[in-house]
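Next, two complexes with subunit A in common: one pairs it with subunit B, the other with subunit C.
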Partner chain A sequence: MKNLIELNKDEKDCLQELMNISYGAATAAISEIIGKFATLSIPNIDTISSKDLVSYLNKKLLSKNKYYVANQLINGYLAGENIFIIDEISSINLAREFDLEEDEIDENEIKDIILEITNILSSATSGKLASLVDTSISFSAPHITKINSIDEFDKRFEGEYSHVIIISTKLNFKEQNIKGELMILTKKESSIFLKKALDNALENL
Partner chain B sequence: MYLVVDDSKMARKMAVKNLKLVVGENVQIREAQDGLEAVNNYKENKPAICFMDLTMPIMDGFEAIKQICTFDRNAKIIVISADIQELSMQKAKNNGAIGFIKKPINQNNLKSMLSTLGLI
Partner chain C sequence: MQIDNNIIFDTVNNGIIILDEDLNVLAWNKWLEIYTKIKEKDILTKNLFKYFPYINEKKLKRKAKTVLVTNNPSFLSLNTNRYLINIPVSNVTNTIFDSMQQDITILPYNIEKKYICIYIYDNTLMCEINQKLERANEELIDMSHRDPLTQIFNRRYFSEQSKKIKSFSQRNDNIPFSLVTLDIDKFKNINDTYGHLVGDEVIIRVAHIIEAEVRTSDIVARFGGEEFVMLLQDCDLDNAYKVAEKVRQDIEKTSIIVHIDTEVKFTVSIGVAQFNQEDNNNIELTLSRADEALYKAKNIGRNKTVVSN
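Up next, the complex of A and B:
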């Protein structure tokens, strides 16, 4: 744990506020698409070692649920990965909000909708965050998998991200029973860049 | 005197900085970090304008606006929020807010709002 790039209280507060602004825009975009109201929550910032990622997720989510996990690579100074996790029931409810008839809701349709939502969330959050810290990023095409429990979460992340700052926030349409979690994993170099950018932002206040 | 309400220290700093640029360096500004603190602060100090975030712990901005406007039906509350959903803006307005500024706050959107409302 001693090699982690820790953010101090002010840096965390600054990042939380930047994410709050970014996520507000993303949620409004999705809310407009499906014509329903979403509850915004305060973004959560955690710094962990990637080998603790699965146990971290087990604490945050119901470990025995089935989940769709969509991930999208971020390239540039803020290199990392966006991961959107949504449980099976929420994803079916989400598909219903896209005006699909019950017999049209199948695995492929659900995956397609989740990928689209991930695209919107990624560009609105990471894209906005990048512009707020004066850099630019690009995205690779998102991928999606279905897991039967959090324990099946891809172990690849442990190898690729020795160090991660997890910025997580919820997509929460209470009345429709839709809950999802967006996490942004950053690599060590990106974490250092982000920390410096946050310090600059704070100095300029 | 003005009251700035936000759970983020950074957001409060940004609001204070821009208020001073628009209204003047000598303006007196108090701060609160959640809705409950805002309600108590409002009752004690009766600020001329209250700038209120919506997404906050302990008590959110919607409830704080409602409580403040119940206490003082002439309260001038301007929301500064990242929650830009139409329904959120409408709910804040129904609870008594008189204006809505989309985050991040800057000199232009603040000046324009205060000017539109005839407050500067």
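Up next, the complex of A and C:
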């Protein structure tokens, strides 16, 4: 079957540029919320088929690390799901950057901070894509789980979605760097819509 | 058409609060008046934290700032916060939660004036159903791990756990662990003489005696019929022999009273083996060696404990 989201070079460049802009907005928001200077960079952006997601994660992430996996449903024409994966150590560092005292950092607080970041990144990235095709989207409340290794990653995504846009994320603070992976999972229909969004953006350049 | 938002505000089936950036109350809908018994006129202009000091001020202020900065909704999910405002549950059919379980959405209401809006949804029923399902699921999993007669673990659970324990041992400088197989002597005679109900009682008694002798970290399983296996963690051959002998002696001393004048006594034969490198990383080979030792115990007169070399 033809890969519906097979992007040509221009479309990929366009997606990278749009996500850079979105991340710029997200960075500004995060900096303002926590009152600290932060930069958010995207060293890598990729699109893969959803059935290759688990093998991608196996290559990319350390299989024995513990990870938090936050997922958030997107509703509307760009229906899909955003997933943010972050390792345990980065998560604790993130909580510190959010000015939590050592005695305040517990499982619940860490999860809450990750949900907050997921929410900000989701709205910045998917919101940007939606605005290109003049459509409205809404987000469901994000959920979070902790997995003891990447083997426990929920495999239901393979059947549920057709394509995945992977945005490797580096959140850089003065003291420390925090790494995470944001994945935008799209269904077939929304993949077509996304391609249309990119083409619209290219036409308007 | 002129739409009166106040009708929606006061009839919608969830709580709505409008707050300024310092979280002073600007509006408080009828739903909240009913559930909290606090009238809007009493709470207007008051700070939310003064009324509800248990609210995490730092977190809620951060959320408020987030929605005002991003102009997007933010959520307090039930994963991490059971409720924003503590509302006792009055539903008599609820048996799990004392307080209403809430989903909270925080929205920008007026960016220029820095007003936010909080929606409170009652999610208690869904949480209750989920929790009951989770409990039922846990019970099912537990049942699938246990032998129905004795309630000790079954062979399947033993196989799963023994692999994990073997891996743990190998990751930790080969911490020793041992297997003990145990078989009730002449069990067919007990069944034939006293009937299956007495036979079952003997099996249950043996299971209880074994369980009483091991630590909670050890695993005791019924492999079927009158055969049991113990997996003793952090336990070499000498210590495993001591535990096995204690079990054998305790069983030798016990009896079951069938009628006022009939006492059924019974014994067990035991084989002991320690997992070692010669087992070629296969715990089944350790089990086979323990079984061979058990047959030796049977062959030299029963009611004995024999260790595998």
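Keep this in mind: the second predicted complex is superposed on the first by the 174 of 205 C-alpha atoms of A that agree within 3 Å, B and C clash if a C-alpha of one lies under 4 Å from a C-alpha of the other, contacts with A are read in each partner's own complex, and residues count from 1 in each chain.
The rule is simple: contacts are C-beta pairs under 8 Å (C-beta built on N, C-alpha and C of every residue); 3 or more make two chains touch, one makes a residue touch a chain.
For clarity, every value in this text was computed on a predicted model and none was experimentally measured.
**Student:** Is the arrangement of subunit B and subunit C around the shared subunit A a clash or a fit after superposition?
**Tutor:** Pair status: fit.
**Student:** State whether A:F98 touches subunit B only (first), subunit C only (second), both chains, or neither.
**Tutor:** After superposing on A, A:F98 lies in contact with subunit C but is clear of subunit B.
**Student:** Taking the superposition as given, does A:L115 touch the first partner, subunit B, the second, subunit C, both, or neither?
**Tutor:** The second partner, subunit C, only.
**Student:** Put simply, what angle do subunit B and subunit C open at subunit A, by C-alpha centres, to the nearest 10°?
**Tutor:** After superposition on chain A, the angle is 160 degrees.
**Student:** Just subunit B (first), just subunit C (second), both, or neither: which does A:G127 touch?
**Tutor:** Touch status of A:G127: second partner only.
**Student:** Taking the superposition as given, does A:I33 touch the first partner, subunit B, the second, subunit C, both, or neither?
**Tutor:** second
**Student:** Looking at A:S149 after the superposition, I want to know if it touches subunit B, subunit C, both of them or none. Which is it: first, second, both, neither?
**Tutor:** neither
**Student:** Just checking: does A:L202 make contact with subunit B only, subunit C only, both, or neither of them? Give me first, second, both or neither.
**Tutor:** A:L202 contacts subunit B only, not subunit C.
**Student:** Between subunit B and subunit C, once the two complexes are placed on the common chain, what is the minimum CA to CA distance in Å?
**Tutor:** Least C-alpha distance: 14 Å.
**Student:** List the residues of subunit A that touch subunit B in one complex and subunit C in the other.
**Tutor:** After superposing on chain A, subunit A residues 32 contact both subunit B and subunit C.
**Student:** What does subunit A use to touch subunit C in their complex?
**Tutor:** Result: residues 29, 32-33, 98, 108-109, 111-112, 115-116, 119-120, 123-124, 127, 139, 141-144 of subunit A touch subunit C.
**Student:** For subunit B, which residues are in contact with subunit A within the complex?
**Tutor:** Touching subunit A from subunit B are residues 7-11, 13-14, 17, 54-57, 81-88, 103-104.
**Student:** What does subunit A use to touch subunit B in their complex?
**Tutor:** Against subunit B, the touching part of subunit A is residues 10, 13-14, 16-17, 20-25, 27-28, 31-32, 37-38, 40-42, 132, 201-202, 205.
**Student:** Under the stated contact criterion, what part of subunit C meets subunit A in this complex?
**Tutor:** 59, 62-63, 65-66, 69-70, 72-77, 79-81, 103, 105
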